[in-house]
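Labels A, B and C are assigned to the chains in the order they are written; within every chain, residues are numbered from 1.
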Amino acid sequence: MADAGARQADSAVERASAQPLIAVSGLTKRYGALIAVDNVDMQVSSGEIRAVIGPNGAGKTTLFHLITGVVKPTVGSVRFAGEDITGLPAHAICQRGLSRTFQLTSLFPEMTARENVRLAAQARNPRRWMPFGGDSVFADAQNAGDSALELLGLEHVAGRPAGLLSHGDQRLLEVAMAMAQDPKVLLLDEPTQGLSVEETAQAVDTLSRFLESSRVTALLVEHDMEVVFRLAHKITVLHRGAVIADGPPEAVKADAGVQQAYLGGID
Amino acid sequence: MRWSTVLGLAVLALLIAAPLGLPAFAMTLLTELVILGLFAMSLDLMVGYTRLISFGHVAAYGLGAYASGFMLLNSSMPLPFVVILAALMTGIVAIGVGWVCTLATGVSFSMLTLAFAQLLYAIAFKWTSVTGGSDGLAGIPRRAGPMGITLLTTKTGFYYFALACLVGSFLLCRKLVASPFGAVLRGIRENEAKTLALGYNTRLYKIAVVAIAYAFGGLAGALYAPFAGFANTELLFWLLSGQVLIMVIVGGSGTLIGPILGAAFFLLLEHQLSSYTEAWALFFGLVFIGFILFAPEGIWGLATGWFKRGDAAAKAKGSLHG
Amino acid sequence: MSTLAFLLNQSVNALSQAALLFFLGVGLTLIFGIMRIINFAHGALYMLGAFVGYSLVRWTGSFWVALAFAPVVVGLVGWAFELSILRRLYRRDAHAFLMVTFGLALVVTEAVRLIWGPDALQVPAPKLLSGVIFLLGEPFPVYRLFLAVSGIVVAFAIWQLLERTRLGLLIRATSQNAEMVHALGVDVGLVRSCVFGIGCGLAALGGVLAAPLVTASHSMAATVIIDAFVIVIIGGMGSFLGSLIGALLIAFVQVFGNYYLPDFALAFMYLVMLLVLVVRPGGLLGKEA
């Protein structure tokens, strides 16, 4: 906990001077009568690790989809590094520096882990269009990919087809793929989903180490409260699509509304 | 894989030496195999490498054939030039086709490719002034090459030209699938959503591969017109789309070589069985279904798998100490 | 011809066309609803129905016998195909399905060519239905009226089957949640085979009915599958009502389009399909996301 406290103090100073990296404003998504995301405002500063939590169906993944362009908002806007990215297609948003992982593991199962991260890194290479010079594009991408694998402690399975990795390693591989793209912001959708207790502990250790050393800005959807309190600087709590609390972990823990809706309830 | 390079060079040597030893009817068959093999290989780019199932690839063949036939009949351009030009024209038209068809995915994509081929079929019937209607274009000459090189007017000369087109196309395609572009195609094949999420504009890649596949298919068609001497609506009939898809699957999709083998298998069956029974095409269809059910990797896939297991077994034996 | 008579005439044409399209589309959409696959062989089975109908008429001299039995024969062919081949593919991806049904289309098309020869065949309409009747002083072909009426009758029959019978209930339940139905002890495989067979039989029914009008020909298979697919797309994959609406829509577009712009019929269909696929990939009433 001392770690998180020190990090919070550091980034508090940073945050005070910088404009938010991600600024979500009045973001709403309606599916007919169902309001999945309800007028959400959120600001994430550079270097911050923000957890988005809430009961099932609270709209967390939809919020991610809205930010990354997978889903178009009904109302509201998303600004990234000062630019309005609302309504841009998913691939264009990714090209601007937001990389994400998915709630249900999404990889290239027949490619090896090395090939997976290479393909991820290749996407950010401006020379990937050229008909010649493919070898150097591959080399650069493989370097970036291999570094990402190392960062996530996956060197030992680098040559194995991704479909054959353990579930825990697959979740980490997805994070490695996102990191291989050298993103400005990392969006992790339930990285410990489906992991056993041991796997979760290992994953959290790895994630904690790498988040700290890389100083990347991260948005994290998580169900597991221990994981959240271990990793996050700030927490945003969603309930039925709307923000009901927003602040440092201690404050959110103490919030009565949150306790009633989420922490105190069955989860 | 070194054994495959050796094998490939050996086969190439045989193909180059073929006119010296084979009788005329066999050479005609071989030339047809080269053309059909090119046609099948072009479809593999879409089906095998990107998992874009096309039921309308005959559109590429027909476009190429009519384009080259028309140009050979109505102009004095040398044959190699006409053939390449026809292929390029097909590729350019295919950019539009790809743009439209990739508006949809999955089954809808396949249906759109079929619809386009049917559209072309209907146009070929109606636009008699250009296409000759149901009679088609006849008397297409095998014109001399540039600078009066008369080599191509002979059957052997033409065979070498077609072979050169096949080998050249094969090398280009192989380079393409091994390039970063090819890696993205593979990503689209395995998990398109993830490829998109990684920042690739997958639709553009799909349009590109359709255009390239149609260009090579058009090259095959463009070779067929002077080879057979005619171009007619049979070249746009949907059954041919089906047959070339069968060649790709039975031969082994995603390998470039497999489809060429599939074309060989198809032609062999056609010429061997058609003397016994008219039902060879039906038989071929049943073989197709059989392969999908029991051997989806195709003939080449089975062969390489067999070799790989042999390799692995040898390695395992040798590495007991490692 | 007065405008009213013209409109009435074309509308009868359109309704008769809609009936044929409906037989095609409803089978395809039912099969999709249950099995989540597009049966590419549907067009070929329609064609098979026409040719089997031709033979039955030749042997028995009765169009009505052909009408009754051709769908049964083809339905059994479909049922056998599902049982022996399609069953093995349920665990595989959608592309395998598509290609196998495409293979079936090829095999059926070739079989038809082998058995009945390469020429199109004339199927005579029964005496009762040939000729014309006069409405508003204009002649209307009786056969077309018969088709329109058959369409309505069959649509009603299928509706009742789906709503009132146990089989219909099972079909609807399975198309919504096959696992649940299985958990309740029903043989889902049997339901699937039945639906596939019925769907194929309906396609063949369309073929037999179409034969006196358009002759039994070999190009039917490919053109008709596109029509069927467009109907299912417009109406929505898996929706019975959707296939009815789709059939009516396409029939009217085709008939009136054919009158005003006869050369562009196919291009028009292609455009309609495109438009729908772009605007509403799930169709008007469909189950697809």
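The rule is simple: a residue touches a chain if its C-beta (ideal position, glycine included) is under 8 Å from a C-beta of that chain, and two chains touch if they have at least 3 such contacts.
Just so it is clear, the structure is predicted and the values come from calculations on it, not from any experiment.
> Using CA atoms only, can you tell me which chain is the most central one in this structure?
When every chain is reduced to its C-alpha mean, the one closest to the whole-protein mean is B.
> Please identify which chain has its centre, taken as the mean of its CA atoms, farthest from the centre of chain C.
A
> Averaged over CA atoms, how far is the centre of chain A from the centre of chain B? Could you give it in whole Å?
Distance between chain centres, rounded to whole Å: 44 Å.
> So how far apart, in whole Å, are chain B and chain C when each is placed at the average of its C-alpha atoms?
33
> When the C-alpha atoms of chain A and chain C are each averaged to a single point, how far apart are the two points in Å?
49
> Identify all positions of chain C at which a residue touches two or more other chains, and write them in rising order.
none
> Residue numbers of chain B touching chain C in their complex, please.
51, 53, 55, 100, 103-104, 106-108, 110-112, 114-116, 118-119, 122, 126, 238-239, 242-243, 245-246, 249, 278-279, 281-282, 285-286, 288-289, 292-293, 296
> Name, in rising order, each residue of chain A that touches chain B in their complex.
Against chain B, the touching part of chain A is residues 68, 70, 89-92, 94-95, 99-100, 102, 106-111, 115, 118-120, 122-125, 128, 131, 134, 137-138, 141, 177, 181.
> Applying the document's contact rule, which stretches of chain C touch chain B when the two form their complex?
38, 40, 85, 88-89, 94-96, 98-100, 102-107, 109-111, 114, 221-223, 225-226, 229, 233, 263, 266-267, 269-270, 273-274, 277-278, 281
> Under the touch definition given earlier, write down the residues of chain B that touch chain A in their complex.
Residues in contact with chain A: 178-181, 183-184, 186-187, 190-191, 193-202.
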